[in-house]
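Common to both upcoming complexes is chain A, partnered first by chain B, then by chain C.
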Partner chain A sequence: MKFLTTNFLKCSVQSCDTSNDNFPLAYDGSKCQLEQDESIEFNPEFLVNVLDRVEWPAILQVASDLGNTSLPPNKPVFEDSNALTEDDMAILRDLHVLLIKTSIVEGEMKCKNCGHTYYIKNGIPNLLLPPHLA
Partner chain B sequence: MVKKQYLLYMVQIHTNFRLAELESLADLFNLDIDFSKYNADSPFFFVELDNDDQARQWIKRSILTKAIYEYWGKGETMEQLHDTIKNLEGFQTRKEQFKHSSFKFEFENFQGGKKKDMATKVKQMETFKYLNFEGKIDLKNPHETFTLIEEYESVVGNKAATVPLSYTFGRFVGSSDRSSMERYDLKKRPYKGTTSFEAELSLVSANIAQVKPGSLMYDPFAGTGSFLTAGGHYGALVMGSDIDGRMIRGKGANIDIKSNFNYYNESNKFLDVMTMDFTHNALRTNLVIDTILCDPPYGIRESIKILGARDPERFIGKENLVIDGEKAFLRKDYIPTKKPYSLDSLLDDLLKYSAERLPVGGRLAFWMPTANDENVETIIPLHSNLELKYNCVQEFNKWSRRLLVYINRGDTFNGPTNGGVQRSPSNFRERYFNHFNK
Partner chain C sequence: MLPTPYVKCDYDKVYEPAEDSFLLLDSLENEQIYLANRFQNKLAVVCELGPGSGIVSTFMMQNKMPSQNSIYLALDINPWALDATQDTAKRNDCNKVYLETIQSDLTSSTRHNQVDLLLFNPPYVPAETIPEIPETRDDIDTWLDLALVGGKDGMKITQLVLDQLDTTLSSEGVAYILFCARNRPEEVVKSMASHWDITLVEHRKAGWEVLSVYRFIRKTPH
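After this line comes the complex of A and B, so read on.
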């Protein structure tokens, strides 16, 4: 599961939707095994697009869950996304490594509202629920 | 701007989808095209466009088109053809324009006609002498390709026609994306399954759904990822989910959805697939999804299921069950129980979800099966925020399936709705296994 996906996933339990604590899920850094996929091509235009729908505070939180506290406090902005500067490209390259290349292969994540635990196995998150939560 | 005449040469199959594809691509690229002369029964569409670039842009993604040509002439006989060419407005200028270009001639037959031998080709080419092309003939890499298309009457009985109905001549401008059908052919795909969707119509679906480069596409019933593959081909970042984890996981290393993307060299278009019940959705509610494209389970291979207990009483207190000091439902190997659900409810959920997640103007496209022999009208699910744009039917012997395409028009659209109503007169799965006999 790519790091970027952590920015899209909330708790599946419907009653948690009324809470602000159902996103992002809390990742247990000690149990998460990370991997870098070097084969995925860097595509700056694509990343600029994706960045539009990223919630930065959640990126910071999950990164910190996983032991990375060196990210800038605010979402990077680009003056002109049609004419990216060298500096922009450097930032985008770092984001590519974090959001796209980095994935959680094994691990677990928890809803901060209801406390339910979800597992990631072989890179695939399982968001199914037991009947008492469905 | 003065418009020029072009000739669109299309395939004569899936004609129920052809116009929808052409219109959707024109709309996607913001091209103002007049479809009033379009004829579903003809492989030709004579259309006015601004220039070659516009023609190429329009057609480069099309699956149900072969190619687009600059129109030079058409006739019932070769003589008539030559007359129309010579009388074409601006004919002299055109002759000059290509006078020194390297070129070649190509011959296309639409249904019937024999493969021509070289002598016949040369004989036909010589009748074009008056064009006075002085450039060299280059069969491998010509600057211009001129094409003569012969149209034959369709086969009657088992006798193919031998004399063409018409001759059409044009200069090749751009090819379509039809060759991708071969590239994405299921036979060659590393990971596929019994529910995989054929390449041709999955690519057509992605075109009609207007999947855009750099956008986000979601398939909530991903299965083996057929529609994710099609969406990735057209440049979207794709993600999928399925309640059946076996499909999502695949058959081991290098035989799964992700490895299909690697195989097609499109790994950067693949975001993730997850094991998830669509009706207990875990994508955050404010995430904008540009396109939703899917083939919902209609319960043929397996009945439709969602999370929850079929018999809730049996599960009372099960949440307190402890195995090896751990709550059973929190163990890594826990398998949740599922209960049956109706297709009507599932499609209601899909429409509601799309109305909430798609941007205004964004498209939802999905496939729906119906039995042909029922004397009841097929009721298409509707939602008050969604405009039903296309309803393209593919007929089989005793059943058919249709691609339904909706555009999100937002809260103020106030369209008709039939959510919560039982629409299917009978269970499609039952009917399917009864071979549609009552």
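After this line comes the complex of A and C, so read on.
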């Protein structure tokens, strides 16, 4: 599962929807096995659009769960996305590595509200609930 | 005509692409320009529910729909369908596209109001009951039943998705949902007409079934 996907996943338990703690899920860094997936090429325009869309605090939280605390506290902004500077490109390249290339192959994550644990196996996250919670 | 993905799966485990799948592909082809304009210069989060073989998501990736700036989330309860979707994407040279396969019961796991383009070819066949989700991966007959059977009027699963549409879609979000005549889609349109603009995109007689694809967008954006 690519890092960016963590920005779109919440706890499946319906009653957690009224809580602010159902997103992002809390990833257990000690149990997450990361890999660098080279298949998607760096595309600055795509990344600017991705960045525009993401919830930055959730990116910061998951990055820190996984042991990366080097991200800027505020979402990077680009003066002119049609004329990206060298510095902009360097930032975008770093974000490409984090958001697109970094993938969690095996791992687990928990809802901060109800504590339910979900698993990632073989790169595929399983957000199904057991019958008593569904 | 846009190219159609080459699909080769074990159809004992996932739904084999049929008239309904192809009607959805044709509908999306009709909508290609509309969608490209609607999601110009921004990221589009495409979410397919119940991708089965992966033919629809792969078609979207292959033809860069709605645009090159898209990520694709394929959500299925059936673990075999997730494998098949990955496999179909690879077979059609979509390895360089952002595709995530997620085991999930409909949209219960997606953060609210993030889906820009929702695609759903539901289990729409009327039946008295819907089987429980199997406890093991190997109960393939039940997994396959879940891809077909839609409870009363074949609407049980579709209705769950329609009830969640407002919390699923982003402010500019669009949904394409397939119905058969026995689902009584005209009544769905009537009941949702106060808040949604609903358009019939395609319909076709397929054997003894009449299938249709409707487009849903909000009347007033969030």
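Everything that follows uses one rule, which is that the second predicted complex is superposed on the first by the 133 of 134 C-alpha atoms of A that agree within 3 Å, B and C clash if a C-alpha of one lies under 4 Å from a C-alpha of the other, contacts with A are read in each partner's own complex, and residues count from 1 in each chain.
Simple rule for what comes next: a residue touches a chain if its C-beta (ideal position, glycine included) is under 8 Å from a C-beta of that chain, and two chains touch if they have at least 3 such contacts.
Predicted model, so just to flag it, every value in this text is computed and none were measured.
> Using the touch definition from the top, say if A:A90 reaches chain B (first), chain C (second), both or neither.
In the superposition, A:A90 contacts neither chain B nor chain C.
> What is the contact status of A:I40 with respect to chain B (first) and chain C (second): first, second, both, or neither?
After superposition on chain A, A:I40 lies in contact with both partners, chain B and chain C.
> Quick one: name whichever of chain B and chain C touches more residues of chain A.
Ranking chain B and chain C by residues of chain A touched puts B first.
> With the touch criterion stated at the top, can you tell me which chain A residues are shared between the chain B interface and the chain C interface?
Residues common to the chain A contacts of chain C and of chain B are 1-2, 4-5, 8-12, 14, 17, 23, 39-41, 43, 45-46, 49-50, 53, 100, 124-129, 131, 134, listed in rising order.
> What residues of chain C sit close enough to touch chain A in their complex?
Per the stated touch rule, the residues are 41-43, 45, 68-69, 71, 73, 77, 79, 82, 95-98, 100-105, 108-112, 114, 132-133.
> Where on chain A is chain C touching in the complex?
Against chain C, chain A makes touches at 1-2, 4-5, 7-12, 14, 17, 23, 39-41, 43, 45-46, 49-50, 52-53, 100, 124-129, 131, 134.
> Residues of chain A touching chain B in their complex?
Result: residues 1-2, 4-5, 8-14, 17, 23, 37, 39-41, 43, 45-46, 49-50, 53, 55, 100, 116-117, 119, 121-132, 134 of chain A touch chain B.
> Under the stated contact criterion, what part of chain B meets chain A in this complex?
Interface residues on chain B, with respect to chain A: 214-216, 237, 239, 241, 243, 245, 248-249, 258, 262, 267-268, 271-277, 280-285, 287-288, 306-309, 312, 315, 318-319, 329-330, 332, 334, 336-337.
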